[in-house]
Every structure is written in structure tokens, then in C-alpha cells.
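Please go over the structures that come below.
Presented sequentially are two complexes of chain A, the first with chain B as partner and the second with chain C.
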Partner chain A sequence: MSLSLHPLIVLLFFPGGLFLLGSGMFYEWIDRKLVARYQNRLGPRWFQPLADVVKLLAKEEIIPQGVHPGLFIILPVIALASALTAALYTPLLGLQPYYSFQGDLIVTLYLLSVMTLSLGLAGANSINRFSLVGATRTITQLFSYEAPFMLALLGPAIAAGTWRIAGINEFAGQSLWMILTQPIGFIVALIGLMGKLELPPFDAPEAETEIVAGALTEYSGRGFALFRIGKNVELVVGLTLVSAFYLGGLMNPLEFVLKTLGLLLVMAGLQSLFARLRIDQTVGLWWRMGTLVALLQLLAIVIGRALPGLF
Partner chain B sequence: MEAKEPKKFIVPIGPQHPALKEPGHFEFSVDGEIVTGASIRLGYVHRGIEKGTEQRNWIQNIYLLERVCGICSHVHAMAYTLGVEKLAGVTAPPRAQAIRELVAELERIHSHMLWLGVAAHEGGFDTLFMYSWRDREVVMDLLESLTGNRVHYSTNVLGGVKIDVTPELADTIRKGCDFLEERLQHYLRVVTTDETFLARTRGVGPMTLEQAELLGAVGPTARASGVTRDIRIDAPYASYAEFPVTVVTDNGGDLTARFVVRIKELFESCRVIRQILDNMPESELVAKVPRRIPAGETISRVEAPRGELFYYIKSGGGDRPERVKSRTPSLCNWSTISTVAVGHKLADMPMLLAGIDPCFSCNDRMIQIRRKGHEDQLWTWEQLRRYGIEYYR
Partner chain C sequence: MSDQSSNPLASVMDGLKSWARINSPWVIHYNSGSCNGCDIEILATLTPRYDLERLGVKLQGSPRHADILICTGPVTRQSKERLKRIYEQMPSPKFVVAVGSCGTASGAFRGCYNICESIGDVIPVDVYVPGCAPRPEAIIYGVAQLLEMIKSGAPSAEMRKAEEPAAVEG
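On to the complex of A and B.
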């Protein structure tokens, strides 16, 4: 399904801009509500994420001593912009991506990493000790989940024979759900997404009982709000990618809503099941387990595709 | 060129920090994520309660001392009243002693479950935190229906207790204990089998039996290192001689052992609560205690949820004490942290801190250090007031 809209509308309202912000907050609310219900709490009301953002935007932004003010202001903007841009290549709401070219999968993954990089830089920019430790952990975590996450998303790409997200989405819609054919890849992708979003149990970079708020300790007001929105958008984009690749493609809005929310349900469950991993445990988990099994999976796919040609 | 000492990177935790529910200051010097040194500074919540007791009469002090700690309020009042009764040569009637033990054990359940939640939260396991606090509400309700209060039970009076246990109440408590035991079995299974949780607790902060003895650790912290010391058994007070508990120890010495010891202690508490309810002695609730306590001094020791609680009480024969000194268990356990912290990851610190179940407000005392060549820093009220005004000008 595809619509033809004016580029400005695409960027500002739908599917970019307002729609993304709105859905980001909506998914954040679902996530918080689900985790709360799993934990036997009531959870926030539906407008709580919006209220948080409004409150943060209304607050004074304090630029602390010792930071580079330019970087301090521009980093949240870059983070949000890259997350928003990444969304343009993904089949949001089950519609055709608005911009699509061979290899846009790599671009999207890169743009999603820019978000984390900005977070790390924002922490390293500060002289606050909690921020510095948080930044180190953020970047360490980036290096640990990025490779397996990428490999897990390459699996479907190789199976589909294209590195175009729209192409993979179409292929996934026509063939057997790839969660069945590549179960390991799905698990690695899902957990990698949780690592990317720094959700529990991978929330060591922002472990409040150790380092307050990690890299974002010094952020308040607008900058903090932008980072939060950026993360929400990343949540939507990440869910879209994983469910498009592994849950049989996203062909219409209904499919989109059902599949991404189903995935979020599982993710919220995983968030409430475990104790927080230490950063060394996270790195160990990803490099000893995640990367290896993702590589094995990839190898199996490559062999599986090459074998019919050989005989 | 002389080698420069590498500059230490110090991560401060506190006085205000999300990991701390009460103010205390901890400085961890770290090399990357590895902690190379730890220092502890207390004294942010000094309230002058010991001095305050000298201004109040024997009865008023029960209320004041109960407010030393918001979690183990009953044991403070119990230690004090037991001490004063000893000075006055009065023994509370058996039923009163049994009720004291009953409330103390219910309080232990509430305190350990609170700790379980806090420790899980420090390790980022919020689900366990929420569940254990939800179930803790059951014992809070029991305490409320028994004493009328959720926090400061004010059960004790000099010479006895002011509440009684009716048969209906006893049934409610039995039912509550059934429920709690079932839930605690579940939590015991979680803390001993959950892989991610064990990864955060197993082998973390190991303390050997020798270290525990040397550092003077008390309570569950020491018992998790194999120290068989429990005031309830070593020097029975209230009705612990009639309704004894057995000591729970573990030889692990690490955080897992502390979780296991504390949870297992609660099974023991539930058992002894049932025993008390089934064999409640019949007697008066209060014995008469004179308004003026004969001159003398005494000590009174009880086993608080966190370990040995020690009271020293001195009477000059008047209607108010001359000196009341309390030594709370958290104070004894602090040194274990600074010793075992070195070499651990920064991420382990909050759990290690929580591992001794610290209570800050109850262990802040004024300490006067006398050094040679320095005059005593004894200030009058007027000097102190002027200092305060100058400081904030």
C-alpha cells in the first residue's frame, strides 16, 4: 500500500514529524504501562509521556560549567533528527517507505546508531563524573550489541536477496514468517533492540542506583526532552524493523499495529523478568553468545542459499 | 622526571543520590569500573536523641526512642523498657513478654521484606522490588490490626505492653503467616535460582568468618558468613527462653548468602509466631513500675532485624535518666563495606551497600576526637548559634 503525498507533508506531518512523535509517545506509554502491569503496579495514564515532554520543554535548560555549549545544545537535536530520518526508510504503519534505495538498511542502522553516539558524546562532553561513567558504558554497550544486531538484521536481507528495507518487507510478506526460519536471528534482533534502547536488563548505562542518569545526568529541560523523544522514535523504528523482517512483513496499518504491539508485549515482559546486567556481563553476553550465534545463523543462511545453486 | 601519582577518579555516592534513601556519603575511587578504594562518611542525620532522653522522663523516652528508627521501632522501645525494668527490679508479666516477642518477630518479617525489595531495586530488579513490597503489605496490615499503627507500634509501656491478642486476631495472624510463608518460599527460589540475579549476587562481597569476627559484624550480615551469634539465643530476653528460635547461618559470606539467611530467618519467625499464638500465657499485661527509677546502671541487648542492638541506661534515682546510650547494628557493619568493596565493580557498590541493610538515621552519633595539642572543641549554644548565622550569611 502506498500513498503519494507532498514531500513537506511527508516530512512534517505524516509519516515523519508529528505522526512519529505522537506514535513514539504512544509506544512509550504502552511500554511503561505494560511493565507496570507486569510489576503489579498501576502504571501511568495515557497522556503521561506527553505531559512529561510538555513539562520538560517548559523548564529552564541549564548549561553546566565545563561543557562545550555548542555541542551541548546540538547533540540532542542530532539525536532526534537521525532517529526521525531513519523512520523515513521504514515501512511505518505498513505503508511503503517514502524513500527507498538499494542499501537503505545500512543507512537506517547507521542513523539509529547516531542516536546512541550522540548520547555517548553528550555524556563525554560533560565533566560530571556520573556522565563520564555513563558515557563510557553507553559506548561500550554500543560496541557490544551493534555487531550482533546488525548480523541479525542482515539474515533476512540475505534471505531476501536485497538490502532494500521495502524489498525485504515484501519478501517477508510473501514467504514463511522468518521468526520460524531464523529463530536465533529473531531473538538476537529483539534483545539487540533492547540493548540499543538501554531498556532493562541492559540499562547499566543509565543505572540510577549507581550513576544517577548516566550520560544524561546534566541534561534538563529541552535537551533532555529531545533525547527522550529521540529514544521513543527509535523504539518505534526498531519495532517496525524487527517485526517487518521477522514477523511476516508489514503490509497494512492493522498488521503494523498488531505486530509491533505484540512485539512490545514480549519486550516489556523481558524488561520485567531480569535483574540489571553489569556492563562487563553485557559485553560478555553479546560477544560470547550473541555474536557467535548470529554468525552461525548467517552462515547457515548463506550456505542454505548457495546449496541449491551448487547441485 | 619523577613519576606522578595517577590522579584518582572518584565517584561520589551521596549525600544525595538515587541509590540512597537516607543521606550518607560514600566515595569510591575507581579505575575504569573497578573500585580501588572506598571511604564512608556519616553524620548527616544526627538528631541528638541521646541528649534528648536526658530532658524527658522515663515514660516519655519510650516514645522518643521508638523514633530512633522507622523500620525497627519496636525493638528500640523494647530494649529500653527491658533495661528500665531491670533497673527498677520489675519483670513484665509473661503474657506481655510473649506479646513483645510476637511484635518483634512480625517486625522482623516486615523489615527483611522491605530490605529484600530495596536490595533487588539496587540490583535493577524492580519486579522483585514491587512484588516483595506488595506482599509486605500483608504483615503491615497484621501489625496495624494488632497495634493500631503501621510504623511506630507503641506496644511497650514500662512494665508490660498496652495491647492484647484476641483469638480472632490470632487467627488473622496465622492466616497472614501462611500466606507470607508461601510467598517467601517463592522469593527464596527466585534469589537462589534466577540466573541474572545470581550473576549480580553470587561471589559479590565475600566476607570470611575471620573477617566478620575481626570487623565486628553483627546480625544477618555476620550470620551469612557463618558467625553463630544471635542475641535471641545467646542471651534470651522477653519470652525468647520460652519460645526459642534457632539460629540461621550460611557459610557463603557473599550477597547470595545474605539473601538466603534473611529469608530463612523469616520462616523461623513465622514458626515462632505460631508457637506463641498457640501457647499464649495467661496473665496480666502490665506490672507496676515506680515513677522514679532507683539509681544504677544497666545494659540491655536485643536482636534487632539488622543485628545486635545495645542500650546502656544510667539512672540517678530521679524521674528521668542520666544517660541513655544506644549502639545500633548498622554502625557495626559499616566497616565490612569499606573492606570488601575494593576490587569489585562500581556496579556492585549499591548492592553491597544495601547488603548490610544499612539504616543511616539510627547510627549517627556525635563523635569527639581528642588529639594531643588540640583543645577540646566544646561549643556553647551561643557560639554554635553564631557559627550557624555566619555560615549561611
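On to the complex of A and C.
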């Protein structure tokens, strides 16, 4: 399915702007509710993320001593903007992405990394020791999960023979679900997504029992709200990407909702199942296990595609 | 406040703000020298049995993220400056709930040489929850009273303090 919309509508309502903010908050609520149910609690009400964001936006923003004020103000905006831009290339709601070109998979992955990068810069900008430790951990984690996550998303791209997200989505819809043909890639992509979103067990960068709130310790009010929304948007974009690639493509809104929510169910289960890993354990897991396994998977796909040509 | 009736948009925005504040009270917990009895009860309040997340309450580590300071203890002279600093690090609007008899009127420690009587002497307090130690239900009731106060639009202790003439430091 595809729609042709006025560019302003695309930017302000769908798929950019309002739709993404709304769905981001909705998915955050689903995530928190699921974790609460797994922990035998009732969990938050459906409007909880909205109330949190409105409250934070209405609060005073303190610019602490020792920071670069310009960077302090602009970094949350960059983070949110990059997450929103990344969404333009993904098949949200199972519709054709509005912008699509050869290689937009790489652009999307980099835009998602810009969000994490600005988080790290925001922490490093501050003189608060907790922010600094959080920033170090955020960037360390970025370097550890980024390679395997990228390799895991390259698997379907190579299988489909295209670097366009829309093309891979179409290919996934026509062939066998890639969770069956490339199970290792799926696991690496799912866990990589959890690392990207700093969800438990990969929440060492914002471990509240050790370093208060990590890189965002000094942020209050508007900046904190924008970073939270950015993270929610990243959750939606990440879920869309992984389910489009590995769960047989997203062709219509119903498929989109069912597949992304199914993936979120698994992710919430993993969140409540595992305790936090130390940052060195996270790095070790990714480089010793994740990258090697993803490389093997990639090698198998390349050989599998090359073999028929040889004989 | 006076031009609220003349501007409908402003009153809608005010309503939205106060709705968000009531439904998303994030708390930070500080022990200013209590015997830990009240702190155990506060932590029990946050456990799955009472599950305050269903009311939007979240425990935050950083004062910058919190709206409500839940504070216990008779404020020892050592922790007085820390308590003030944590309060000042919170962005406004901010509220304070003093939990336990010690926080209310120094309780069992009354007359000790090393304490500052009560939390109210150091920072402006909105709600006192008496008890030694108060049950989790009492703490939830105290926070609910505070939320009622925000809903009614009554000035918080922070606002009342700001209107007072500056006191001479003792």
C-alpha cells in the first residue's frame, strides 16, 4: 500500500510529527505495562507517558554551572530530530516509506546512532561525575552493539539484494520469514535493539542504583522530555525495522501492529527476566559472541547466494 | 492569575499543566538522619504490593528529575546543608512531604544537641505524615493529600516561602 501526501502533512502528522510522538508514547506505555504485569503489578495507566511528557515540558529547566549552554539546549533537539528523520525511511503502519532510495538502510542506522551520540555528548558536556560516567558508558556501549546490530540488519539486505528498506520489506513479504532462515541474525538484531534503547539488561549507561541517571542526570524539564520522546520514537523505528526484516515484512496496518507488539512482548519479557550486565560484560558479550556469530551468519548468506552461480 | 478568565487558552493550558502534575508525580527519597524505620516503609510503599506506578509515581535518582522530595528524619546538623542543596537542585514547581514523627517534630530525638528540630525549619514542607513509622497506606494518603492540594490550586509551600520576606539565617 502506498499513499501520496502533501509534504507538510508528511512532516507534521503522518508519518512524521504527531503520529510518531503518539505511537512512541503508546509503545512506551505498552512496554511499561507489560514489564509491570510480568512483575505481578498493575502498571501505569494508558495516558501515563503523555502526563510525564507534559509535566516535564511545563517544568523549570535548570542550566547547571560548567556546561556549554548552547550545546546543553541544542543536543536534545538534535536527538529528537534525528530519531524523527529516521522514521521517514521505515515502513510505518505497513505503508510504503515516504522517502526511499538505494542505501537508506545505512542512513537510517546512522540517524538512530546520532540519537545515542547526542546522549553521550550531553553527558560529556556536564561536569557532573555521574553524567561523565554515564556518557563514557553510553559511548562504550554504542561502540559495542553497533557493529553486530548493523551486521544483523545487513543479512536480510544481502538476501534481498537491495539496500532500500522498502525493497527489503517487499522481499521479506514474498519469501519465507527470515526469522526461520536467519535465526541467529534475528536474535542479534533483537538484542542489539535492546542495547540501542538501553533497556535492561543493557541499562548500565543509566544504572540508577550506581550512577543516578547516567548521562541525563543534569537534565531537567524540556531537555529531559525531548530525550525521552526521542527514545520512544527510536523504540518504534527499531521495532518496525526488525519486524519488517525478520518477521515477514509489513504490508498493512494490522500486520504492523501485530508484529511490532509481538516483538515488544518478547522484549519486555527479556527486560524483566535478566539483571543488569556490567559495562565490561556488555562489551564482552557483543564483541566475543554477537559480532562473531553475526559474521558467521553473514558469511553463510554470502556463500549461499554465491554457490548457485558457481555450479 | 488575574487575567486567567480573560484568556481561555491560558486557562486550558493551566488545566493541562495541573492535570499532568497530578498524574505524574516523580519522587526522590532522602534520609536526613532518621533511624531508617521510615525509609523501610517508604521503600515498602514502592514495592509491587502497593505498586505506586499505577498512580504515575516513579522513584527518581536525580533531584533534577523529581517533583516531590520525600524526606525523613530530624535533620542532623551534618545533613542540613545537603538537604537544602538537594531541595535547591530540584526544578520548580517542587513539593516536599515530611515522613515520620522525627521529620514532623524531631520525635524521639527531641532536645538532642545535634539536630535542627524538624524538616520544616530547613526547607518549606507541604505535607507532614506523622507516625513512628507511618504505614505505607499513610504515606500514600499523604501524597494523595498533596495531589489534592495541587488540584485545588492552593499555593505550595515553595510559593508561600517565596512570598515571605527573607529570613535572617540562624
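In the analysis below, the second predicted complex is superposed on the first by the 311 of 311 C-alpha atoms of A that agree within 3 Å, B and C clash if a C-alpha of one lies under 4 Å from a C-alpha of the other, contacts with A are read in each partner's own complex, and residues count from 1 in each chain.
Going forward, contacts are C-beta pairs under 8 Å (C-beta built on N, C-alpha and C of every residue); 3 or more make two chains touch, one makes a residue touch a chain.
None of these values were measured; they are calculated from a predicted model.
Novice: Name the contact category of A:Val133: first (chain B only), second (chain C only), both, or neither.
Specialist: A:Val133 sits against chain B, while chain C stays out of touch.
Novice: Regarding the shared-chain residue A:Lys55, is it in contact with chain B (first), chain C (second), both, or neither?
Specialist: A:Lys55 contacts chain C only, not chain B.
Novice: Between chain B (first) and chain C (second), which does A:Pro200 come into contact with in this model arrangement: first, second, both, or neither?
Specialist: first
Novice: Touch test for A:Arg278: chain B only (first), chain C only (second), both, or neither?
Specialist: In the superposition, A:Arg278 contacts chain B only.
Novice: Looking at the overlay, does A:Gly43 come into contact with chain B only (first), chain C only (second), both, or neither?
Specialist: Once the two structures are laid over each other on A, A:Gly43 reaches chain C alone.
Novice: After lining up the shared chain so the two structures overlap, which partner does A:Phe26 touch, if you call chain B first and chain C second: first, second, both or neither?
Specialist: Neither partner.
Novice: Give one of first, second, both or neither to describe whether A:Trp287 is in contact with chain B, with chain C, with both, or with none.
Specialist: Once the two structures are laid over each other on A, A:Trp287 reaches no partner at all.
Novice: Check whether A:Glu218 is in contact with chain B, with chain C, with both or with neither, and answer first, second, both or neither.
Specialist: A:Glu218: touches chain C, not chain B.
Novice: Share the list of chain A residues that count as touching for chain B in one structure and for chain C in the other.
Specialist: In the superposed arrangement, which is not itself an observed complex, chain A uses residues 39-41, 130, 208-209, 212 for both chain B and chain C.
Novice: Considering the complex alone, what residue numbers of chain A touch chain B?
Specialist: Contact set of chain A toward chain B: 38-41, 129-130, 133, 136, 200-201, 203-204, 207-212, 272-281.
Novice: Report the residues of chain C in contact with chain A in the complex, numbered from low to high.
Specialist: 16-17, 19-21, 23-24, 26, 48, 51, 53-54, 56, 60-62, 64-65, 67, 89, 91-93
Novice: Provide the residue numbers of chain B that touch chain A in the complex, in ascending order.
Specialist: Touch list, chain B to chain A: 9-13, 17-19, 30, 32-33, 120-128, 130-131, 134, 194, 196-197, 199-200, 345-350.
Novice: Please name which positions on chain A make contact with chain C in the complex.
Specialist: Chain A reaches chain C through residues 32, 36, 39-45, 47-48, 50-52, 54-55, 58-62, 130, 208-209, 212-213, 216-221, 224.
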